[in-house]
Amino acid sequence: MRESSFDFSTTLGSAWFPAPVFTASGCASSGRELSQFFPLDEIGAVVTKSVMLKERLGRPTPRMAETPSGMLNSIGLQGPGIDAFLAKDVPWLVENKARVIVSIAGETVDEYGVLARRLRSVPGISAVEVNISCPNVDNRGLVFACDPESAKAVVESVRRTLAGDLPIIVKLSPDVTNIASIARVVVDAGADALALINTLLGMVINTDTMFPHLGGKTGGLSGPAIRPVAVRAIFQVHEALPKVPILGMGGVRTGRDAFEMILAGASGVSVGTASFGNPTALIDVQNELKQLLISKGFNSVQEAVGFAHRPSKANP
Amino acid sequence: MSSINRHSQQVVATILSNKRVGQYHQILINVGEIVKHCKPGNFVAIKVGGDHSSLILRRAFAISRVSDRGEYGGTMELIVAPHGSGSRWLCTQEVGSSLDLVAPLGTPFGIPTEPVQALLIGGGYGSAPLFGLAEVLKARGCRVDMILGASTVAKIYAPIEGKRSVNSLKIYTEDGSTGEMGKVTDPLPSLISEGAVDVIYSCGPMGMLQAISGITSNTDVVHQCAVEESMACGVGICMTCVLPVRKSDGSIAMLRSCIDGPVMDGSSVAWELVGKNAMTP
Amino acid sequence: MRESSFDFSTTLGSAWFPAPVFTASGCASSGRELSQFFPLDEIGAVVTKSVMLKERLGRPTPRMAETPSGMLNSIGLQGPGIDAFLAKDVPWLVENKARVIVSIAGETVDEYGVLARRLRSVPGISAVEVNISCPNVDNRGLVFACDPESAKAVVESVRRTLAGDLPIIVKLSPDVTNIASIARVVVDAGADALALINTLLGMVINTDTMFPHLGGKTGGLSGPAIRPVAVRAIFQVHEALPKVPILGMGGVRTGRDAFEMILAGASGVSVGTASFGNPTALIDVQNELKQLLISKGFNSVQEAVGFAHRPSKANP
Amino acid sequence: MSSINRHSQQVVATILSNKRVGQYHQILINVGEIVKHCKPGNFVAIKVGGDHSSLILRRAFAISRVSDRGEYGGTMELIVAPHGSGSRWLCTQEVGSSLDLVAPLGTPFGIPTEPVQALLIGGGYGSAPLFGLAEVLKARGCRVDMILGASTVAKIYAPIEGKRSVNSLKIYTEDGSTGEMGKVTDPLPSLISEGAVDVIYSCGPMGMLQAISGITSNTDVVHQCAVEESMACGVGICMTCVLPVRKSDGSIAMLRSCIDGPVMDGSSVAWELVGKNAMTP
């Protein structure tokens, strides 16, 4: 395989991207900050921090704790609200030729619909990521992604509003008994693609103060520590729903890790926490991934998606 | 903000020396070209723990001083307190070993265009960036007084060369093991009422910065403080390092101390809300 | 606090142990191997590898993959079967003055009852750990611990058989949407204590062969990587059921880690994977934990259990 | 098994030398007293990646040679192939650095009480423990022939001193870059039928061990092989390193290669079941 004829592009639903490496929501702010380190148009797309309807200050500090090969965060969806976001952040990204996936988060089912409506006519957006891993205010604070009924209602509401204008990527939580069954529910409700996985719920106790370390008590666990859980989730969901594109994430730090997720069934890979330790992680992962795919004889990303599911000689 | 971190780069640098000074390590690093863009108040983010490290986040350290002369080209000095696993690892790195770092990061101290009476206040290793700042202020014709404090003498960092760049230096320790017994804030009210201070530059524990802000609050004294919040990324992408800052309309914004700081206007920080639920804006 | 008057003992249900540090099931084989490195009577107890009714060869190799700050295993409950186990392993442990917690695993609800019956009159056993994190053969391979109904049935069956003879510790899986609700179900069904947590389901793909690395495809993730998930689970369950003793585990490597779990609500702590990297980990953890508790001014382990739940001044 | 690992200890040892030899590193470590208990076939488990390592498991290496004389007291030599992150880390450790290791572990090669004709077969770094074994066998009056093989010359480990302890040494490479072109198993059938071999001692890739077992299966030749399975603990507590072994009644047991091995009777290993679902016993 010569590099020149290798097809590095990928698709998520009807959205096309020239490369399969993306930022992870909440790990690239609105994109500007990383653009000091590399041109944003070189990667597949910028997935923006989940935006809510109103401005939000988020959780008290400390908002982070480092853990072995991982970290906890409890940002609490701090952000400017959808209006300021659409007025300032999206135009800047479009001007800088970045492809944009907007991540939205609501406190109620209706809020998701309202957020989706705001996005409908905004130029330059490639897809919407629906982050359902936040607590449902109407329903005892239950996380939408942990409850099939709530998850379904959210996706239906977004689907109704967008009606095919933009591909819908639904982001799931790994903190469920059966992720493949939740995946099936949201796909039936209208998801075009799935993002797997959000952080795992975790806690660190500060042994000096003898209280939970984070201002928000619990936090989301991310980074290399969780990669085996992410790969398992991607593998299980791809096995159950082989035709549904997956945006894989959770602990990707090198091209090898991205390749692992593609073999498990991801069509694209997001890099989150790794950028905190290495501001050019996205570019490094992307270059290494391309070399790996070529060296393994693949002609395109697409050929490698889910390759680990092929029948083996040893265990047919 | 789009100009912030415009000059920051990731470089692999070599340790030129590593000396214990009291309870700190004074670490000199050969960083090359980037020193040209380092200003007092900027910080550096360092990868710790080696190639297979389970410590995945960089550690932030104030740039104590830089030099672009000398036999090694651009060098940078850090004053590191062995606190937890990452800073301890750094303190044990030997001369000749490599460090992966990103610098310069964050906002620098603002330098007045006119000669003013500047008071520099440092707590513990917080004195590190103040000596470089003193030199810049002196070159601008400012009067530069310095007050350093710590719990005990071993935590005072005050190099002899540094003392030359200030007009006066006063030291306070809580146990009285050197200088006066007491806190850096003790002499402040009288200095301010005497009109001996136009601008305070401070760096040290958050409690100290808050106390100084309290004292300067109803005065004309400008207070530029270098804050210190837990940071996961250091480059503005994670939102973990935020501080509550009062906007002109009185509402609160949570600003990132890595990119909208570390140097902030002390009077705008809503100190009473740090670590509290800030609620809606 | 002087060391001499410090009370390092703990209890799990009616069972008393002179120290709160235990082996983790499956991470100390039958105890003999570790006794080359330290005397077994120095630690709280040996929790034996989950034993099944019949001899079992387990899963094909490779059975392990190292992951960032963790590892996957897919042993598949290899073991000699309950009869050989009771004939050989338990007497040896008793002879060597080790306190013994026997871990049992069944493929059906009835098997658990049968296993419990075999244990009833065996001298020298302090407690039974019921590992319900294995697939239920009768019920589509669903893991007992992931299904409240199956979990309940198993615990009831063991409870009926043991009728107070031995304390029952039920070991839960973290791979559930709501661990506190499963905990409540098994306590209502008769569990005297809970063991938290078993491994997380994970996968590593070998990027050379491009197949899942483990012979069993998926495996259980253990080690420091999962500690934040374990601490969170312990904290949540202790909050929901403050009177139920918890045996905490998942990534404990140092005394600080054990202390963290005790603050979260554990009455005792098991050390598993850490022994693979350090054969004297149990002794090290135990010594460090004791020093920490004393230096923090506690008079006993008991005083520190769940201490992180006390009201704080900052967030009352 | 209760006597196995009776002498094993965790020690912090110092690297005395680290030389590249072909594609391997020859690493000499100052381990002290424990060498007294190290026998050919035993292995050592080493902590890798430094203090904050994300690599939580030890790595196993055959003990190539030990010496309890010399200026440093007890020393141990390892031959390490840079394979993945842990072994590569080990190969980059400099003279003077410390290693945390547990040794000696596992079963040693069985030494015949009578002088016999021994054939030692090593594949790649599998030759490492064979030279020490050769010395012991020679001292017992055995005839010792050795055959080494690898894909290419850089993967043949055959130190000059080692050659002195064998009666003959033959080398095979698959690419013919040194010695004969071919495999170590090529000459076996004729050597056996000539009656030139009583016992084969082998160490190398599992495929090679299996092939030798195939050739010896219907002969009187005893085959002691040192196997290599992925190991998490190395001390018998995790059950990850198992191999299917045929018991006398024909049924299969899964034995731990760390504690019931690495040296095993080649004729009892059910090679065809390695990595397969062994089903019920």
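In order of appearance the chains are A, B, C and D, and numbering begins at 1 in each one.
In this text, contacts are C-beta pairs under 8 Å (C-beta built on N, C-alpha and C of every residue); 3 or more make two chains touch, one makes a residue touch a chain.
Predicted model only: the values in this text are computed from it and were never measured.
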item	value
Touching chain A and also chain B, the following chains	C, D
Between B-C and C-D, the pair joined by more C-beta contacts	C-D
Gap in Å, rounded to a whole number, between the CA centres of chain D and chain B	56
Approximate Å spacing (C-alpha centroids) for the pair chain C, chain D	35
Whole-Å gap between the CA centroids of chain A and chain D	47
Multi-partner residues of chain D (each touching 2 or more other chains)	54-55, 275-277
Chain A, residues touching no fewer than two other chains	68-70, 223-224
Pairwise touch network: line, ring, star, complete, or other	complete
Touch list for chain C against partner chain D, complex	26-29, 32-34, 36-37, 49, 54-64, 66, 68-71, 73, 75, 78, 215, 223-224, 273-280
Touching residues on chain C, where the partner in the complex is chain B	68-69, 224, 314-315
Parts of chain D lying in touch with chain B, wherever the complex brings them together	48-55, 85, 89
Chain A contact footprint on chain B (complex, rising order)	1-2, 4-6, 8, 10, 47, 54-58, 102, 229-244, 252-254, 259, 274-281
Chain C residues touching chain A - in the complex, by the definition given at the top	65, 67-70, 72, 146-147, 175-178, 200-205, 207, 210-212, 218-219, 221, 223-229, 231-232, 235, 251, 256, 259-260, 263-264, 292, 296, 307-308, 312
